[in-house]
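One chain, chain A, links the two complexes that follow: it is found with chain B in the first and with chain C in the second.
On to the complex of A and B.
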């Protein structure tokens, strides 16, 4: 029997539970359960064909990954992918946002143009860029030859040294518009009195951007970076379609390794272990980022 | 031919009567060297016959046999496959089957965008013990091993025992590829070969002849390079199978493909001199200047474009690409094919052959007998003629000269009979052990990019093979 206070409290919160209940059920069914199931599978051996998973192997799948050269290569590639893509995407996005926040001719048109790659189908983008990077008749090498830089022509996707940078470049091109839109919205919501005050105090454009706008934009920049990092860690389709992780694993990332282990090599247990590591990575980065955000907010208030 | 296709056909004819069109088609067919040859009789194996001279509107010369089992009420069986361009052929046969033999039975085809997507879908369905799909398209090699050893599909033992003639209708080398642990797991809808397409006009223009030996091919390559023409467009970046083609080719050329199969099954080492020589061949080819630049960065469509625009004189690819290539070529382009030249002095010309799409029945299907009957319709004596007439791919077994003449009425492609002749001479391009296939793919990529040497590559393949341990399956 509930106490009167408990009943009152329940009544007070009932509507809230009713509202979030369905969402919680959906989250539990499509997020918590699959993640839990993946964790469970990562302790088992399973080929993915038989209806029941195979024997319990404890941490064996994780041990196998620790000794797997390809796993470390994929991890390194994922880290490089994020480490290169995020600063480029956020940095370029911020620069473009600053530019497009000014009164420019055809500003709306430019904003739309920069956003077009974001709404384009990824399949279309990858197919276009495969053609761009094709070593013999591709647009990039043809352009280099046309401007007298024929010595720099290269099999961009066919050479392990350039395949990952090429894929990162496409990813930046595809996503910079997204960062731009978020950052532009942020710029437009900045308190104009602070900006005006800095101007009145004699701050030039450079000082205004560096000393006033950038600090004010820190939470939005952090959010954009967080989204970019998470997107970078999860990247699969772009790599899979463009290079399938090759040549010689030079573009293999954790998500493509997961796919290869699960569906080409039938190691569902190992694939699940990769998935668990990937989720752990994403969650810890998200946690660090939210901590930084909270700190910056607290700093702002102080 | 489907109704839609018929409409297109009439549209292209620009008002010509069907009879006139047929006459024209027959004339062009008769003009091919193939049809100048003497009429051959039906074959049960060995070399393909040459087509007979056609003298009127021909019909499929084979009877469409009635099934042993029919649906008792309206029934739909599902079929999941991964090659969109086969759908029309499959639909046509299924509709004819319904019309002629079993009005209650319909076939619902789901064509996934590619093998990867279909395999993921099938895997999920099988793990969930789903009765759908009834019919599954699988690839020879690891896919066939997976579904077979997991007990996910029903083999053809019973079907073949009841109908030995049906079994005899397939090429023995095709059936061998699909025999796992003594049972035929699936049956091929078609077969196909990997050959070299070439630009006849370009060859003639530069006084070049089809090469018979590797040395001749290298000389042609040097001559073309000197004129600024890339010798071979080779789309090694297409998928994980393409980088292995040169390796398979060499082993086929020195008749070491059986040795490769034994190594695949863990019975022989991958470091044997013949198998290492195959890797040396891959390295040599990559360094020879015969390929268009950066083959690992080239996909099929890029390679077709390079070839179609005359930037390369040859194209190394599969018979399944014949339609895409034709579609990309200008009308004046004189397309020819030849088997890869002999890789060893006095050796034979290696032609890689495989079976492409193959069909099997889900062990949990609610209608296994009907599914088998549908597969028999699609791949049996009548169906194979219609199927390959639609697609221009080689049939899954020998067909008669009359059948070829019937097919040529609508195909009108002089290359088709050439492919038919090559098919029975083909050597394997299938690896059954997934981890070994992965190691070979990566190793061949490393050789093409010059990152590793042949010996190191084969050692890593052997290491991958040993890591798998004793195989739970045997083949053939």
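On to the complex of A and C.
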């Protein structure tokens, strides 16, 4: 026989599951189960066609990756991609956010337009930029010729030396607005009394920005950077459509390698191992993110 | 005497500041307008290209004069874009509706009911928020193939719902948590059951959050490429991104203006949605980033 209190708490648990249940089923089917399946596949050798998942090979797929030049190239490219893109994205985003964080004509219009690249579909962006980088009649080379810098015209995407920088440039172009919006919201949430006090004490705009605002913004800057790193590690569409990882793997990243191994070479085991490594990387970065957030929350309470 | 000297010094300082401020103002506008130009130039370039013909394009022109508006009807037919629109609208809307409904319920459960295992469920949501969807690519492909669902709309609606759910639940949970306790208690005293409280009392209050989730997910689904590329291999069921991508390897590859016109047709609904609902959109992004 249940007491009234116990019955009530039982009811509460049941109600909780009734509300969460449907979502939980979908999350299990599309998130939890696929993660488990991928890990499982990464221990097997499978072409994707024989029934089941082929023979168990233990860590062989991971060992094969460790000895694979393309894998290291893709990893290095992913790291370079993130290492170059994130500082540019956050730095430019912060600069624009600082400029927009004051009374300004057309401020909201500017913010709206700066954000347009973020909303545009990557396929559209990529095809436009393929055209911009096109060697003969593309916008960039045409422009260089027009201003007398014809010596600098270049087959930007066709040369392994410039393909990755070109892809990174497009990525920065597309995502600066994202950082801008977060950082601007952050700036507007700063304690105004502190900023105002510094201004009354005679701090000029530079001092205010460097000594007062930037330190206050540090947690949000770190958070924006982490989001950019995570986004950068996941990058697929941009590289896949723009260069397909080429020329000669110069723009191959982990996500494009995964796709090629799985759906062009039918190496499901290897591809799953790449997926597991990618997820491990992203989740370890996200782990750092929660640390930063906890820290900023603790700082905010102090 | 000393006050006169002091005020002169202040005046001089203000003058210097004024000059500095003016230079700063000019510099600021140079940066802002430069950034503005960079933000909109590629889009305008695409728009210009879409009104050219091939000879104009290969001459390296920028201004499409005389214009060739006939590219648009040709693009419409060539890319079968009506079909692509329909597929994209269907898939994006269906998964958006499913996600909003499920995440409103889950957000309520997580945000307002203290049940056992709540932390674990929320943990799954947080993982879903950051995990790359590549992890699910091969497993979902295999399962969809086994179930005979490849090249159906369901092959996209299911995964889009699954991957949008984490974001939706996260936002809705945050919003439900912020609602006052009194309303709920008043309804409870009136004898309303849990579901009635949710549907009649609390849900109507979350309209702004629902709008944010809906707009954000619709655009995300509308632009999604990787799943659409992998799970839909036949032309009939393609959505806009992969339909346009297929054009790249078709006979129209050589005809860039037609391609550009297709890109414009593809982008217009997205941009209209964005300009109309930008408040919700920006809120979705900042909420996802800042309010963990």
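By definition in this document, the second predicted complex is superposed on the first by the 269 of 302 C-alpha atoms of A that agree within 3 Å, B and C clash if a C-alpha of one lies under 4 Å from a C-alpha of the other, contacts with A are read in each partner's own complex, and residues count from 1 in each chain.
By our rule, a contact is a pair of C-beta atoms (placed from the backbone, for glycine too) under 8 Å apart; a residue touches a chain by one contact, two chains touch by 3 or more.
A quick note: this is a predicted structure, and the numbers were derived from the prediction, not measured.
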*Quick one: chain B and chain C on chain A, clash or fit?*
clash
*Kindly classify A:263 by the partners it touches after superposition: chain B alone (first), chain C alone (second), both, or neither?*
both
*Looking at the overlay, does A:137 come into contact with chain B only (first), chain C only (second), both, or neither?*
both
*Kindly classify A:160 by the partners it touches after superposition: chain B alone (first), chain C alone (second), both, or neither?*
first
_Applying the document's definition of touching, compare chain B and chain C: which contacts more of chain A?_
C
_Taking the superposition on A as described, I'd like to know which of chain B and chain C A:247 touches: first, second, both or neither._
first
*In the overlay, answer first, second, both or neither for which of chain B and chain C A:48 touches.*
both
*Once the shared chain is lined up, is A:227 touching chain B (first), chain C (second), both, or neither of them?*
second
*chain B versus chain C as contact partner of A:213, first or second or both or neither*: neither
*So, does A:90 touch the first partner chain B, the second partner chain C, both, or neither?*
neither
*Intersection of chain A residues contacting chain B with those contacting chain C?*
48, 131, 136-137, 263
*Where on chain A is chain C touching in the complex?*
12-20, 22-24, 26-27, 29-35, 37-38, 41, 48, 92, 95-96, 99-100, 110, 112-117, 119-125, 127-129, 131-132, 136-137, 139, 142, 173, 176-178, 181-182, 185-186, 189, 204-205, 220, 223-224, 227, 230, 233-234, 236-237, 241, 255, 258-259, 262-263, 268, 271-272, 275-276, 278-279, 282-283, 286, 289-290, 293
*Provide the residue numbers of chain B that touch chain A in the complex, in ascending order.*
116, 119-120, 123, 126-129, 142, 146-147, 150-152, 230, 233, 236-237, 239-240, 292-299, 302, 305-306, 309, 311-312, 434-435, 438, 442, 445-446, 448-449, 451
*In the complex of these two chains, what residues of chain A are touching chain B?*
47-51, 130-131, 133-138, 154-160, 163, 243-244, 246-249, 260, 263-266
*In the complex, chain C residues that touch chain A*: 17, 21, 24, 28, 31-32, 35-36, 38-40, 42-43, 45-46, 49, 57-60, 62, 102-103, 105-106, 108-110, 113-116, 118, 121, 124-125, 127-128, 130-142, 158-159, 161-163, 165-166, 169, 194-195, 198, 219, 222-223, 225-226, 230, 240-241, 244-245, 248, 256, 259-260, 263, 266-267, 270-271, 274-275, 278, 281-282, 285-286, 289-290, 292
